[in-house]
Each structure stands twice: as C-alpha cells, then as structure tokens.
Amino acid sequence: MINQETKQDVLPRLRKIEGQIRGIQRMVEKERYCIDIINQVTAAQRALDQVSLEVMKRHIESCVANAIKSDGGGPIIGELMETIYKFIR
Amino acid sequence: MINQETKQDVLPRLRKIEGQIRGIQRMVEKERYCIDIINQVTAAQRALDQVSLEVMKRHIESCVANAIKSDGGGPIIGELMETIYKFIR
Amino acid sequence: MINQETKQDVLPRLRKIEGQIRGIQRMVEKERYCIDIINQVTAAQRALDQVSLEVMKRHIESCVANAIKSDGGGPIIGELMETIYKFIR
Amino acid sequence: MINQETKQDVLPRLRKIEGQIRGIQRMVEKERYCIDIINQVTAAQRALDQVSLEVMKRHIESCVANAIKSDGGGPIIGELMETIYKFIR
C-alpha cells in the first residue's frame, strides 16, 4: 500500500510533471523547434519512470513482502512481473 | 517546423495526458493499489511516445528534408540521432 | 538462485538469440536493407527482455523472498530496484 | 544502403555482442547471481541499441536522403517512423 512517505515523494514529482506537460503544450502552440519539444517529452517520461520505480519499490516492500511472509507470493509476483513487462515496453 | 496539422494532432493528446497525470495524483492521494498506479503511469508514457513520434515525423518531413535538399543534412541528422538516442533511453 | 527450471527456460532462448546475432552479422555482410537489419536487432532485444524477466522472476521468488522472510529485505530490494532502473533505460 | 564504413563499425560490435550472449549462457549454466546475469543482458541490449542507431543513421543519410531528393520521401519516412516505434517498445 501507498504510505505517507511514498505520497510525500511522489506527489511533488507528479505536480512537476503536470507542469512539464503544460510547458510542452505551450511549446507546441508557439511552434518551438521540434527537437526541443521531443527532448522535453523525453524528460517528462524519465520523470515518470522515477514515479513508477518509487511506487514499485513501496509495493515490493509492503504488498509483495506481506504476501511472501504469508506464503502467498506466487500470484502477486506474477502480477508484478506483468507490470514490469508492460513498464519496459 | 511544427505546422497546423501537427498542432491539431498533438495538442489534444497533450491535454489528455495532462488529465492522466492529474488522475494519477488523485490515485496516489487516495492510496489506490500500487499496480494500478504504475499501469496508469505506463499508459501516460506510451501516450507521450506518440507525441514524440508525431513531432519527430514532422521534423523529418520538414527540417531534415529541407536540410537534405540544400545539402546540409549532416549536422541535422546527427542532432536527430542524438535525440532518438535520448528518447529510447 | 538460478534453478533447473530457469536454466531449461532461459538457455534455449539464449542459444536462439546467439543465432539471431549471427544472422544479423550475415545481413550486414550481405548489405541487406537497413530497416530489415534494425527490425532483427529489435527482435533480439525483445527476446533478451524475456530472458531478463524470467531471471528476475526467479530472483524475486528465491533470493528476495528468502531475504524478506528473514527480515533482510531492505538491501536486496534496493539492489533489485537499481537493476530494474538500469534494465528500463 | 549499408556501406563499407557502417560494416566496419557494426560488425565488430555484433561479434562482441555474440560473445556477450555466450558469456551469459555460461553464467546461467554456472548458476551465477541473478542480478549479475540481468545486468549482463542489459549491457548486451545497450550494445544492440548502438548497432541499430548506427544502421539507422546510415539509412537516413543514404536511402531516406535519396528518396527525399527525388521527392519520394513520404513512404520511406513512414517506414522509418514505424521502425523507430518498434525499436522504442
């Protein structure tokens, strides 16, 4: 489960990313140089990677760890692997 | 250069992505299931891929094509390759 | 730890990938169409993704699970997150 | 079209990658630490990225440039974008 610490790490990142997306909209509206736009999109994607990794770390430390301790690790590890698979592609 | 057609394709996508990012913030605030949050982040990243590819296509069709026609393709192709490199990593 | 099952899953995949890499070398030597070469490289990379995911699943089921059960999950989860981070970029 | 320069750049890389894949097979056979195996797979994938980018650069400088000069850039740019799309996912 998401906890207070993850919230405090992840929410400011997401607000900054929201600002980046709005910034990219303005770049498109003002017909800024294509390469600069693409680089900003890439920066937002890398920032989203950090959000996913932070939430995934918390997920493993809480839900996955609890399931493993109560011997129910199988399905939750399967679900995690599927999520990593989607995440990398 | 970004043109009207690219704007009309890309701006609605970016507004939708901005909404997705806000949706992810609400999911974090409400402590929704970690895996669902990560999957939403992944969806936003895939949507951003489409924005980059659309802008890159337009860039190749306009700036890169013009540079090639006036025999100045070298530096702009180098810049494009660097951008693709950053984009994939 | 890698076990017999993972070996039997992963080794044939790796031998096939080795064949794909040799195939790509022949394509380059014969000056085949660039796009066909790139698509074959992409196919080999996707096959390598499967190898990493298979080994990572096994790692979580064995090393990570054991560490969590003996309350030493912290460092091994940190190491796993770093590996996922390198894997996605 | 692949030329002599691209061959001389790309073939040694591919031979080295073939060696990396064989090294990973040995690591699996000897049941080496999972994380070390995954990191080697990631290294091979990054080396394959360089092959793709090198071939793509050459493709843009030759086939795409020629098509653009003879006003047939449309389909070949479409094909390139599709290849980049598959490459990044």
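In this document, chain identifiers A, B, C and D correspond to the written order of the chains, with residue numbering beginning at 1 in each.
We take it that contacts are C-beta pairs under 8 Å (C-beta built on N, C-alpha and C of every residue); 3 or more make two chains touch, one makes a residue touch a chain.
Remember, predicted model here, so these are calculated numbers, not experimental data.
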Set of chains adjacent to chain B and to chain D: none
Whole-Å separation of chain centres (CA-atom averages), chain A against chain C: 22
Rounded Å distance between chain C and chain D, as computed from the means of their C-alpha atoms: 16
Between chain D and chain A, distance of the C-alpha-averaged centres to the nearest whole Å: 27
Chain B, residues touching no fewer than two other chains: 49, 56, 80, 87, 89
Pairwise touch network: line, ring, star, complete, or other: ring
Of all residues in chain D, those that touch chain C in their complex: 1-3, 6-7, 10-11, 14-15, 17-18, 21-22, 24-25, 28-29, 31-32, 34-35, 37-39, 41-42, 44-45, 48-49, 51-52, 55-56, 58-59, 62-63, 79-80, 83, 86-87
Parts of chain D lying in touch with chain B, wherever the complex brings them together: 49, 53, 56-57, 60-61, 64-65, 68-69, 73, 77, 80-81, 84-85, 87-89
